[in-house]
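Next come two complexes, and both contain chain A; in the first it sits with chain B, in the second with chain C.
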Partner chain A sequence: MQEMMIAKARELLKSGAVQRVLGWKAGEFAYDVEPAVFESAQELEKSFVYNDFCGSNLSKYLIAQSRKEGKTLVFLKPCDTYSFSQLLAEHRIVRENVYAIGIPCQGKTDGETLKGKGFTGILSAQCEGDTFTVHTLYGDKTAARADVLPERCLNCKSKKHMIYDELLGEDGEVLDSHRFDMVEKLEKMTPDERFAFWRGELSRCIRCNACRNVCPACTCEKCVFDNDASGIAQKAAADSFEENMFHIIRAFHVAGRCTDCGECSRVCPQNIPLHLLNRKFIKDINELYGAYQAGEDPDAKSPLTDYTMNDAEPGIVYHRGGNQ
Partner chain B sequence: MQRIGVFVCWCGSNIAATVDVAAVSDTLKNEPGVVFSTNYQYMCSESGQNILKDAIRDYQLTGVVICSCSPRMHEATFRKAAAAAGLNPYMVEIANIREQCSWIHKDKAAGTEKAIILGRAAIAKVHLNAPLTAGESPVTKRALVIGGGIAGIQTALDIAEAGFEVDIVEKQPTIGGKMTQLDKTFPTLDCAACILTPKMVDCAQNENISIYAYSEVEEVKGFVGNFHVKIRKKARYVDTTKCTGCGLCTEKCPVKKVSNEFNLGLDNRRAVYIPFAQAVPKVATIDADHCNMLKSGKCGLCAKVCTAGAIDYKQKDEIIDREYGAIVVATGYQPIALDKYDEFAYSQSKDVVTSLEFERLTNAAGPTGGTLLRPSDGTHPHTLVFVQCVGSRCEDDGRGKSYCSKICCMYTAKHAMLVREKYPDTEVYVFYIDVRTPGKNFDEFYRRAVEEYGVHYIKGMVGKVAPRADGKLMVQACDLLANEQLHIEADMVILAAAIEPDPSARHLATMLTASMDTNDFFTEAHPKLRPVESPTAGIFLSGVCQGPKDIPETVSQASAAAAKAIGLLAKNKLTCNPCVAHSDEWMCNGCSACEKVCPYGAITYMDKEFRMPDRTTAIRRVASVNPAVCQGCGACTVACPSGAMDLDGFSNSQIMAEVDAICKMK
Partner chain C sequence: MQNEMTTFKPKIVAFCCNWCSYAGADLAGTNRLTYPADVKIIRVPCSCRVNPMFILRAFQRGADGVIICGCHPGDCHYTTGNYYARRRMTLLFSMLDFLGIEKERTRVEWVSAAEGAKFAATMNDFVATVTKLGENKRLEDLRCKK
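Right, the complex of A and B next:
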């Protein structure tokens, strides 16, 4: 696949159809793959990679890249196309400046997860079927796929590309995933248990802002947390509830727009399962307003910015067991 | 720093009984920025307002907090007083310590504490207030009346009399509405047509009135004083400028079996028809669903016989764009469908009819020429049973309406009386829950039916109507006063079906952004003090669209709505609400969230060139608000993810400051 992608990118660059390529480049270690812009065949040859560490979602980078002169080629995994589609619906990306190529994905692991499973001296990794082979300095080691993939990939919602100009490889289907299982578990807790759970998780937050910076729904020209005039920036730093507030406000801000790409949890250095907050919103929207996934259909009306006669009334909170 | 004055009102004992007003003014004196604080018996009185004006001058106040009743009551009063003393009126904030405090609490200590907190919140807000200046918008001096029944006709005539242009939009081929179908009108028993048709003719002849019959409102944009309306003039396939209304086509049309809606399906009309003799405009209409020529291209008889050459099979719907300053809704009502009331055998027997059908059966212009005959066999009925409250005042059984339809008691008394008068050999029974006859000469009218005409009024409901093979209707009912079961062999049963708003009203309300209650009646701005205005500025309510009412009441309300509309049209300029939204273009993402939630269409987007901090230029999509269209509802400020949208007078930071002040520990 990597070779096919490089060949395609080189061809498009050479013909002048695109001026730059948005992809992933290799870093110091095998798992240090990061998003990068390539402007020549030489750069592509030197460092373009596509492997099982290419988890990062490139859609958000198109906001800046599509405002430049000329066209940008971007490679999008199925889940990235949801974000791309949502950003188009929000007028954040200049569509005519983008050439999107859909690429297949069987789930992406990352260095943190592998190291957590005891792998050291990682040189590369390969997934075949359900077996995951890690090449290390100390020889090849294998693990079950389920053990080395993050939760977002194990509960992948779709192998189907929502939007693209061209497809490399086969397109898949929208999957019947179990992504709301953990949310259901949290819903079954008592309010006190749930509060304790989130306090426990969120107390680890160091406010590095990685989740916000990577989030393809967090694309404000000026984030409210960076804006003194918003009246929120100072609120979030008031006391020990600070981080909790930050994440709650952020979840509200992306509600109805989150594509459940899971990047927030992937980049969190403290391994906080942030995506569960967003999934709770998605699940609630599905239950209260009918099935809706942001990014799926760019012409669909988002339930939170569209009024219908059958909309849930605010009192629904109490009917669902909220405190009076 | 603002120099704030606090004024706590006793409202006689309304506030002072459950709030220690002196404690409130003393405590609020210590709040930051407060340089003056007092309390007074009636702040809204002349002398109360003078205290406010004097304090503004003496203490050079830059902000004012009035702890009193709801801002809906006296905000305007205090703003005017402040303006008279030289302070910008939008520097006045009201803390509602009556409706939201004294009236709902019994414990004086708790009430006092809450009043202080509410005052504190208002002070926190005033600190962030900025003077606002209201703009002006012009007024289009023309009114639109939607619905051409007696309500719409009366409103249009009154507005036209005042010298303003009025358009009536009526979806039927003629104006006149339900009243044209009635026989006599209570309590004076004059003939409906005799009193209505002169008004219809007046409408047609008045040079200020344009009638758009067989037309519907398609789209409404704009705001008070400046509505832009699209009217769909449905194709009649008849050139109304040529048609003389001679009716020759309606006699020659070969399609004879079209159910006649004017007679509620009790007889038939042709595919080309004029609803009734006094129709306004009196022109023919071709029913496209039944016309052979329009369906298959074979016929053309009406075009051949028309001496005026008015038939035009190629006519298309026409969209008319018009501008209006005021809109009056007069959409009226329909009787409810009775398909869920099988116990009364309405769908099983032709001799079970609704009261409106009964009007047609007794009307000289009706299918029987005014002689009361049973629809099934054309014989003279001897026993008639009237059932009241069919679907009105209904328990929540999913079939009827919880409200009283108001007109049924009186028209049933009228029907019963007229039958007994014309046919003394009949027995007439009326089953009722209660007889409600408030109104001038109403109760006397009902008593005449009982005492002079010998109508049998029985308190109780009919349980079942069973048609018998011989054509009789077996009515099973209870007499609650005598506590016994009754079995009556009836020839006809007449059902007083509940009335409900016309089904087109719901869609119209959405277009007008006018609010409705759960029964789809339009809501008035205040149930007692502003009964003919919708809460949406520039929209007025006339007739049953606002709630059940009879003809005298409808006509009064129609004139009242006209007076309100005239008051608006008489103005050259309207003062705009300065509390409108604006977008901070540097923060705007151009995501369209605000545009989607704006109920007034006040937000548009443009691509604008910006000089960025790094000295490059960038074209960004940003929102802009039309302040003349914005109503200041604030929906956009909540939807905006970046906080770029803000509402003057109710800014995000002001609301946060209020919340902080309320949450602050003592």
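Right, the complex of A and C next:
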């Protein structure tokens, strides 16, 4: 796939159809892959990669790139196309300046996870079916897919590309995922248990804001978390209240627009399962206002900018969810 | 301890929309209906003005319960404000519950300008509910406590 992508990118750069390529660049180690812009065939040859470490979602970078002169070629995995489509619906990306190529994905892992599983000297990794093969300095080793893939990939919601100009490889289907299982499990706990669970998670937050910075739904140029006057722009939470406040507001700001790409949880250095908060909103919206997944239908109205006369009253919260 | 329990008086913040509920509170007053003085009313132009952050902020500054009152659905002065507020608050309350914060500390009630009696009854009921729950511990900010 990587070779095909490089060939395609070279061709489009050469013909002048695109001025730059947004993709992933190799780092020092196989797992140090990062998003990058390539402007020449040499640069592509030198460091362009597409492998099982290319987890980052490139769609958010298009906000800046599509404002430049000329076209930008971008490679999008199925879940990234949800974000791309949502950003288009929100008029954040100049569509004419983007050439989007859909690429397949079997799930992406990361260095930390593999190292945590005891792999050292990692050269590359590859997923096929239920086995994950890691090529290391000490030979090939295998692991079960479920052991090395993050939750977001194990519960992938779709292998289907929502929007693209061209597709490399086969398109997949929207999957019947189990992505709400953990939310359901939490809902079944007592409020005390839930409170304890979230205190344990949220109290680890160091307010690095990485979750906000990476999120393709968080694209305001001026963010409340940077506004000193808002009282929540601290770079470290001074009190449990601030932790709760930050997380409620962060999740609420993307409610109805979150494409469930899972980037927030991926980048969190403290491994806080932020996606559970977003999924709680998605699940509630599905149950109360009808099935809706941001990024799926560019013409659908976001549930929070819409209403019906007969919507449930907020009191419904007293009767559902939780044990109490 | 016993004494402390019986003398606990919750602080309640009530966001009331200017056009209906605030007038409803006025009517309750002119009719000499009583409700606890611990209910602090904050007037807002419309229930839709209430940003989720207002509610969190009220808790931070020491509220034990927060109630939002607006015109009945269909009667909003701005036609649709309360329909949006209804969705927003439903999702917010559900999220608070998901985090393990007592859901009974938040409420939305539609009170028209003619419903002075409903306003007083709602406040009495809400204060009683929050009194039973006790002090807000889960969304408190110790720095704001005396």
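Methods note: the second predicted complex is superposed on the first by the 309 of 324 C-alpha atoms of A that agree within 3 Å, B and C clash if a C-alpha of one lies under 4 Å from a C-alpha of the other, contacts with A are read in each partner's own complex, and residues count from 1 in each chain.
Rule of thumb we're sticking to: contacts are C-beta pairs under 8 Å (C-beta built on N, C-alpha and C of every residue); 3 or more make two chains touch, one makes a residue touch a chain.
Just so you know, these numbers come straight off a predicted model, no measurement behind them.
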item: Which of chain B and chain C A:I248 touches, first, second, both or neither; value: second
item: Which superposed partner A:H91 touches (first chain B, second chain C, both, neither); value: first
item: First (chain B), second (chain C), both or neither touched by A:D228; value: neither
item: Partner chain in contact with A:E28 - chain B first, chain C second, else both or neither; value: neither
item: Which of chain B and chain C A:C220 touches, first, second, both or neither; value: first
item: Chain A residues touched by each partner, larger count belonging to chain B or chain C; value: C
item: Partner chain in contact with A:D130 - chain B first, chain C second, else both or neither; value: neither
item: Residues on chain A lying within both footprints (that of chain B and that of chain C); value: 224, 230-232, 304-307
item: Residues of chain A that touch chain B when the two form their complex; value: 67, 90-92, 219-224, 227, 229-232, 235, 253-254, 257, 301-302, 304-307
item: Residues on chain C engaged by chain A in the complex (per definition of touch); value: 52-53, 56-57, 59-60, 73-74, 80, 83-84, 86-104, 106-108, 138-143
item: Footprint of chain C on chain A - complex, ascending; value: 183, 186-187, 191-198, 224, 230-232, 238-239, 241-242, 244-245, 248-249, 251-252, 255, 277, 280-281, 284-285, 288-289, 303-309, 311-318, 321-322
item: Residues of chain B touching chain A in the complex; value: 586-593, 596-597, 605, 618, 620-621, 639, 641-644, 652-653, 656-657
